[in-house]
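First chain written, first letter: the chains are A, B and C, and each begins at residue 1.
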Amino acid sequence: MFTKRKSIIGLYTDENSVADAMDGLKSKGFGENEYEVLTGVPYPEGTFGEAEPHLHLHKFPLIGAVFGFCLGLVFTIGTQIAFPVVTGGKPILAIPAMAIIMYELTLLGAILFTVGGIIFESRLPKLFMGAYDPRITEGFIGVVVNTTEDNLDNAQDVFKSSGAEDIKFP
Amino acid sequence: MDRNVSDVVAIDRNVSDVAFKNVNNTLVEASNQTNLKWPLIIFAILSLLGFVGFSIKVFVEGVGSQQWGYHAALVAFLLSSIQSAPMVAIAPRVAKAHWRRSTSRIAEIFGLLGIVNLLLFIPLMWILPSLADGRRSLWFYDALEGVSPYSPHIWAILAIVVLAFLGVFYLWLSLLPDFAILRDHSKVGTVRKKIFKFLSGRWWGSSSNWYMHKHRLGIVGAHYFMLLVFVHFLYSMDFCMSLVPGWIDALFPITHAANALQAGVAVFIVTMYIIYRFGGYREYIGLDQFWALSRLLFALSLLWFWFWFSSFIILWYGGKPSERFVLELLMAGPYIYVFIPVFILNFAGPLLIMMWNAVRKSILGPTIVSIGVLIGTMLDRVRLYVGAYSVSTEPDKYALHSVPNTIWPQFSSDVLLWIGSISAVILLYLMVAKLIPLVNIAEQKELLLYKLHKEFHRTKVMVLGKPE
Amino acid sequence: MQEHVQLDQKEINKDLLDTIFHTPMWWYLAVTFFGVVFLIGASAFGYLLNQGLGVTGLNRPVFWGAYVVNFVFWIGISHAGIMISAILRLTQAEWRRPITRAAEVLTVFALTAALMAAPLVHTGRPWRAFLPTPWILPYDFARGIWPNIRSPFVWDPMAISTYLVASSLFIFIALLPDLAIIRDRSTGLRRVIYSFLCLGWRGTPRQWKLQIVAGILLSALVLPVFVSVHSIVSWDFAVQIGTEGWHSTIFAPYFIIGAIHSGVAAVATLMAVMVWVWKLHKYITPDHFDAIGRLLIVVGLTWFFFFFLEWVFALYTLEDPEIAMRKLQVFQWPWSGMFAVFLITSFIIPVTAWLFRAVRRSLLWMFITTILVNVGMWLERFLIIVPGLMRRTHLVFDWGSYQPSIIELLMVIATFAWLCLGMLVFSKIFPLVPLFDIKEAMINREKIKIGRKEIPASIRE
């Protein structure tokens, strides 16, 4: 049966309290995908005891590069065969000249796919912000819990006991 | 939350005497204990083959310049590998990279081996044609103005002698504090103590000693680099390019030097692997060093392609007869079977292998690529120098009109000389390794001051100090 | 030596977003001034379109003049961003943090200035070059005339457009966290716009990790493009054999190192302007100038070595027309004067000055010396392009010279105004200093105490 999920956010000013809150949530049986920490600055990985995110970003540039390379090959061969005029005594399919264009298109493909990959893997664009607080970008650290309605009290208890400065329901 | 000024509390470094002594003892002992008897004997015998090969070359084959391509290639290969390897100590030291501390000595020792190359270079002085023969030159030769037709010979010998001695001087300079440690750890009255006392000069570890030491290393290192580039310029120019009429490639000296840096890093990585695997220094040499250097090797392999392509596209696109013959001689003609492996080993292979993070961040990956790069560089030097020496009798200084016959190596002279010279280099390295610690003890102790691991909330981080 | 000021996130937000939320009077004045200068240049362009290329100083045999010089110059400046941003990011140089964004933005506006200088203006009838896009589609649909991919003029737009797209996306990705900061401090329509632009950034560990990985990965991908761009621009000249001084294998690396020399100098100029105009002295300190000064010494010396080789091998050819052209450059007025100014301003004065620590740490001196570098580097391009064309071949019919007309000069000046205008407008909409990068430095900052001495340190994962 469909259970309605709700969010709650606890705001902290101290990193150790955030780590305590994360430990508390873990011990209360919250699943890893039920809570996350929001910061305004990149902390060293694992500062709050959070799980390490698994990324697949390396696949994107590779796919993009292959795509760009093929496009370069088709473009350079196709255009020269479509309009075969010998210039400068060079062969119609002059590999050094083709290589330059294929090089650019390979890199362009890799870069475009990488940027797409970064946005996709960052789970962006996010249309609805959910539980969030603007104070996060001025130094507060938010711990967001997204769980079933009846479990919210547990989360709130953890926030209170770990010394949250503020607790909000969006 | 924010860390205010007061939050950033300085971490006290209580560098215990125990840590310092540990470094001292392990490294001093390691340098004493290495058993190298058999390798020394084997390489000594192999080195003798070099003398045999050289004697056959001089007394049986004669001194015609076309026979000396392999000799010139050998000098170029050693210049490009062992004499470039000290840069792996010099550049990170200037950039203050901490990872170098445990490996800089391995690179500096190569500076001493330049002496072997200096000896090999001497016969080439007699082989290189004078400018009076009509060879195109940078040196503005003019018989009427009294300019010496041997000016390239003069500049080259000067530069190569100074480079070899600068390499030795740099090694000695970096060894000063370690010689003092070895002096202090030797028994009074022994010859060992006397030798180390002499070699350590007046080192007693005062602030001014250290201050001058760092500055001298910086200055001598910078000069070594500049001279190395200059020697590549002279050697690639006068002992290779000028022998081929119509070969005008302004980028060639830089390509020569950049390839040498690649081979220098490669020879260093291979040496570091051998020391890591068999030398008993695992506590000091590890993934950090291999990782830092594998990125550098990767970058230099990409640079190899860029320099090669920059020259190639101009000659190919220009397509003048002189340019076409040069390409035919060095790349597309008889040497295509040498050029293709060079292209694979120095560029395509490293690109396809080292683009993977898992390979770059490993110990075996960069080592295997480095072996390939060394073989590639060796073949590349053969391609260029043997190709150039095969046309050295051409009188026309404007263009090549045909591709000359390929010169094949003679086993009795060329191959033996190559084996003997490379063995002599290894022999000398082993002898030095027997005498001095392969890890810079003083730098390693300094690292204890600047590097530490600490808890950061729920994780562990490394803190690196950056002194001025 | 290293001065470290520990700042909290609120203070960093306040300092670095100030120009976005409050517009000072100088900003309006500066935008008006540069806008007017740009409009004058645009009017000159209109006049050129109306009258034709005859209003320029271009004539047989010199058909490449100030526009092409300007094009090469701006492509050179555009190498600043990636040099500073990508290389320093990959080498984890801490001092890069406050200047990466400004350098990247300089890249983008310099590239647009370059595009304005050459393909747009230089072609005389730009619509023929741009419509339809000739590098991808046939010139003439009816007759199926496809572009000749063996021509450097096809490689060139390919490389530049790749570089422009890559640098713009590089900036955009690195802007995401900062756009979220502006969103959180805005209301009304501004909030809606920044919410849209930051794509709903929240600052999860996943997003931060990607931001760090993206910086490294995109740097590694943009660097090969960066190298190819100026190499290809150099091949516009070097692949042909008909012009003295152009057909040299060293051109690609020589152009690249020249571009880095002028680009990094331009970043140093910009840093001084940022401190003076945007009052960023807390973020860009003498340490940063010292670091970029040291970098400039290395770049300057390397550039000089390439310059030396380029010259030496020109003489090594032993070809009379080549040597005659070199004599023209060095001994014949007004080229000799330009040559002297070029060498003195691009190398002798600045590199000698940077050897002194006091100069490297002085904003004013760094400003002056880096401006000098770019004066010299503009002249360098002029001296490569124009004298080469003047003495084309032995049997050339016209031995004409070249002098840029007022129309050309106005358009050259307009590209400088365009760059200033672009930087000013950008700074009004987006922060010129990456806030999250600065904040990360504050988080990672440590000190190690050895006896009485405190050594600056930082956390490395």
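Just so it is clear, contacts are C-beta pairs under 8 Å (C-beta built on N, C-alpha and C of every residue); 3 or more make two chains touch, one makes a residue touch a chain.
Small disclaimer: the values here were computed from a predicted structure and weren't measured.
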{"item": "Remotest chain, chain C as reference, centres from CA atoms", "value": "B"}
{"item": "Most central chain, judged by mean C-alpha position against the global CA mean", "value": "C"}
{"item": "Rounded Å distance, chain A centre to chain C centre (Cα mean)", "value": "30"}
{"item": "Chain A and chain B, separation of their C-alpha mean positions in angstrom", "value": "43"}
{"item": "Chain B and chain C, separation of their C-alpha mean positions in angstrom", "value": "35"}
{"item": "Shared interface positions of chain B, touching two or more other chains", "value": "2, 313, 317, 319, 456, 461"}
{"item": "Multi-chain contact residues (two or more partners), chain A", "value": "44-45, 88, 90, 100, 139"}
{"item": "Chain C: positions in contact with at least two other chains", "value": "8-10, 224, 442-443, 459, 461"}
{"item": "Chain A residues within the chain B interface of the complex", "value": "12-16, 19, 22, 44-49, 58, 88-90, 96, 100, 139-141"}
{"item": "Chain A-facing residues of chain B, complex", "value": "1-2, 309, 312-313, 316-317, 319, 357, 456-459, 461"}
{"item": "Interface residues, chain A side, partner chain C - complex", "value": "36-45, 50, 53, 55, 57, 61, 75-76, 78-80, 82-83, 85, 87-88, 90, 94, 97-98, 100-101, 103-105, 107-108, 110-112, 114-115, 118-119, 121-129, 132, 134-139"}
{"item": "Chain B - residues contacting chain C, complex", "value": "2-5, 7-13, 15, 95, 136-138, 229, 233, 248-254, 302, 306-307, 310-311, 313-315, 317-320, 397-398, 449-450, 452, 456, 461-468"}
{"item": "Chain A-facing residues of chain C, complex", "value": "8-10, 13, 136, 138, 144-151, 154-155, 158-159, 162, 165-166, 169, 172-173, 176-177, 180-181, 184-185, 199-214, 217-218, 221-222, 224-225, 228, 232, 436, 439-440, 442-444, 459, 461"}
